[in-house]
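There's a structure below that I have some questions on.
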Amino acid sequence: MGQKIKVTIWNEYRHEKINEQVKKVYPNGIHAPIAEGLAAHCDIRIATLDEVEHGLTDAVLDDTEVLIWWGHTAHNEVADEVVERVHRRILAGMGCIILHSAHYSKLFKKLMGTSCSLNWRDTGEKERLWVVSPGHPIAQGIGAYFELEQEEMYGEHFDIPVPDELVFVSWFKGGEVFRSGCCYQRGMGKIFYFRPGHETFPTYYDANVQKVISNAVQWAIPTERPSPLYMDAAPLESLLL
Amino acid sequence: MGQKIKVTIWNEYRHEKINEQVKKVYPNGIHAPIAEGLAAHCDIRIATLDEVEHGLTDAVLDDTEVLIWWGHTAHNEVADEVVERVHRRILAGMGCIILHSAHYSKLFKKLMGTSCSLNWRDTGEKERLWVVSPGHPIAQGIGAYFELEQEEMYGEHFDIPVPDELVFVSWFKGGEVFRSGCCYQRGMGKIFYFRPGHETFPTYYDANVQKVISNAVQWAIPTERPSPLYMDAAPLESLLL
Amino acid sequence: MGQKIKVTIWNEYRHEKINEQVKKVYPNGIHAPIAEGLAAHCDIRIATLDEVEHGLTDAVLDDTEVLIWWGHTAHNEVADEVVERVHRRILAGMGCIILHSAHYSKLFKKLMGTSCSLNWRDTGEKERLWVVSPGHPIAQGIGAYFELEQEEMYGEHFDIPVPDELVFVSWFKGGEVFRSGCCYQRGMGKIFYFRPGHETFPTYYDANVQKVISNAVQWAIPTERPSPLYMDAAPLESLLL
Amino acid sequence: MGQKIKVTIWNEYRHEKINEQVKKVYPNGIHAPIAEGLAAHCDIRIATLDEVEHGLTDAVLDDTEVLIWWGHTAHNEVADEVVERVHRRILAGMGCIILHSAHYSKLFKKLMGTSCSLNWRDTGEKERLWVVSPGHPIAQGIGAYFELEQEEMYGEHFDIPVPDELVFVSWFKGGEVFRSGCCYQRGMGKIFYFRPGHETFPTYYDANVQKVISNAVQWAIPTERPSPLYMDAAPLESLLL
């Protein structure tokens, strides 16, 4: 792993500025502890909603191998044009990590083709994430399970396509389960949805959460090969005989 | 199977009116032989692009268990509002069979979340469809393979999500292969993409093709159960202790 | 569904004869309530370990479309020859429902190719089975979830191949989750593993459990088509040119 | 990739000693060009059928991260005990690449749980392997397809479980298709089946074939994490209330 992975963390970055509770947990933004957890093997760039083109210009994306996405309160303010641009990049091979409430982002819904709806409860309760795919690279260094003392509950049914690979299933104190770590291939791109990360809880400081995101970034780096061509194709074999 | 399945066949129905070659093959529309192949166990309704709301009003969809979709030259004329409506119905459980060039329809692309691009060659060549999932209900009554003497070629890479179930893989004379029968679950709905059916060839009169479509319709009928609710959910267990 | 499905329920049938607690719950054998739940649309045959050839002669299997299997304490007493015979039948198309502790049967381990190990706790606690595939035919008639007040706990990691389709995920009071309803295709045969059913609890009298088993039997009926031939094959196309 | 991957290539190594045609193609054994293709980033050990314990002692396996397996004519001479030992190691995390005719090895059949049968024709004909999963790491550096001028044909139906990931599909001149690059997770272990490699053709000298095997080895390295424990488990949460 000589070279560092080029990661862009996109954060909506609104809660942290206006909500005192969130500000206290994430004084430098939700992206700050995520970036710290990746610093050892990634070159990190931050992009946020309120920047021009939400900070996701072609130049930025040209220089991004894996994009991390956190959003919640302002999904609808993300310009369709930027969603289209990022979507195209993912199909062309850019990795993408979708965090928590970004299940409802325009980007994730467009990638999935489903409503991406779920059940939720924001009272803060224990979540225990169980590894169901123990040989998966995203589970590297993780025990049989790990716990988050306080998290928002997300419960099934989660309206997503069946994951290509399912890495984690969550248990919630209040009685629900959830498919919490879901891998997808779309076009050339690898996508990982990771459930935890409500803005009022210190989830992104958790060592296991940081380890999972770090593993996911490594898993999601683009495969080096030519993009498929889609064309009116001459025959490779004689059509006679 | 006492009751007949309520099937709506949606056909773009343009080629057949303006192209002499197509008119000769499908004088009553591409939908006509498809309907004939299903008549024994389905109640068939036809809907076409040039009808009001493309023939896909809420009343029609209320009365549809499985929707079959053929389109090619006018994907962009299909109103976004109708695409949204049909998409919602599929997530709510309506079955959907996507035929041939409809891989590029707004509807299929929205369901898949990918470009749905592929390679093609319209010179007319032999296609041989191999069964790779011999126990699948959509392969019922089909031999190890079946052949179509003249078809348009579609070749990999086909930019779709990995099928939940892959039933057929095609061999083409000119040297390509293609994932030709692909099953998906999206929301409550079952979707089957079936490759053959170029408008200039008599594919939909073929007994095997008709059998596959008939099997797919039976496979795709909605499952009877309550739709998932997505809500702020009270805990099912005490959060104390 | 004019014709009834030919179902053979194989039960180890030992606990019920020697353990007073089990005898009280299942006085006529664990197979009795399972059979009752299927009576409406199946012709039921019972086979047990202590019969000649465990009741699974070729004649019996010739007359079986779907085999249900419950075993626990005497997996090793099942003759390898009978396991081979049943395995061949499944690959040839016979459906198979594997219940609860039969995860550790010779048959299931042979079908899966893994250890089929899991974590367990037999203190009796609440299990809640969530539907994660709401359009799946095995979930027909089942709500968002159903509960069993007292069950043995089975917890992840469950060492099985990734299910071809995952229908249920269980939540347990003691803190675990489990993939509780797992579909597989092996050869021409359809296999469904269903978790609940410890011998000391009245699980098989539960209406939801009976409904799931009934749905699974219908899902697992053999597909009617020729078995694949595996042979030294003459070319279908000229090898010249 | 500072450290080299510890790879053991197991070769039956019989054809090369007794068949003049094979000897000419692989004078140093089929394992020789496979080893050369991996030399840059792997430490290679060779093990063969006629060694004590087939060269697969516990000490050798302790020092193996990925095992490559080629066998054909003497599957039945492989001791069951060694098959059990290797199987256990794979479930515990050792990667495994199964080549060509080893589809019929005891090991692969045990891992798959199916017959692993297929159709074949050994006249030598063109095979074209198409990439169907363009973002998969095993396709790294490979074009849209690659060709082998002379290979044995393997045709569908291939009686395997549905691959967890399907990377290649082959086209054969004689009219067949085949799922040629198949990924599986079993326990903690990653398994890749790769079709080409008949002993009479110089397939393992082909640059694309070598690249695929090299990619597969990297993909299959064990994930570093504790093996799952399977036990009678104390509750993690209170069972009261």
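When the chains are written out, they are named A, B, C and D in that same order, and each has its own residue count from 1.
Everything that follows uses one rule, which is that a contact is a pair of C-beta atoms (placed from the backbone, for glycine too) under 8 Å apart; a residue touches a chain by one contact, two chains touch by 3 or more.
These numbers come from a predicted model, not from an experiment.
Chain A and chain D touch with mostly matching residues; of the residue numbers seen at this interface, over half occur in both copies.
By number of C-beta pairs in contact, C-D leads over the other of C-D and B-C.
The chain with its Cα centre farthest from the Cα centre of chain B is D.
Measuring from the averaged C-alpha position of chain B to that of chain C gives a distance of 32 Å.
In chain A, the positions touching at least two other chains are 128, 131, 133-134, 144, 155, 157, 162, 164-165, 173, 175-176, 185, 187, 228-229, 236-237.
Taken chain by chain, the contacts link every pair, so each chain touches all the others. By the touch criterion stated above, chain C contacts chain D in their complex at residues 91, 110-115, 117-123, 125, 153, 155, 157, 159, 161-162, 164, 173-176, 184-187, 228-237, 239.
On the chain A side of its complex with chain D, the touching residues are 1, 93, 128, 131, 133-137, 139-144, 164-165, 173, 185, 187-190, 222-229, 236-237. Contacts from chain D toward chain B in the complex involve residues 128, 130-134, 144, 155-158, 162, 165-166, 169-172, 175-177, 179, 237-238, 240-241.
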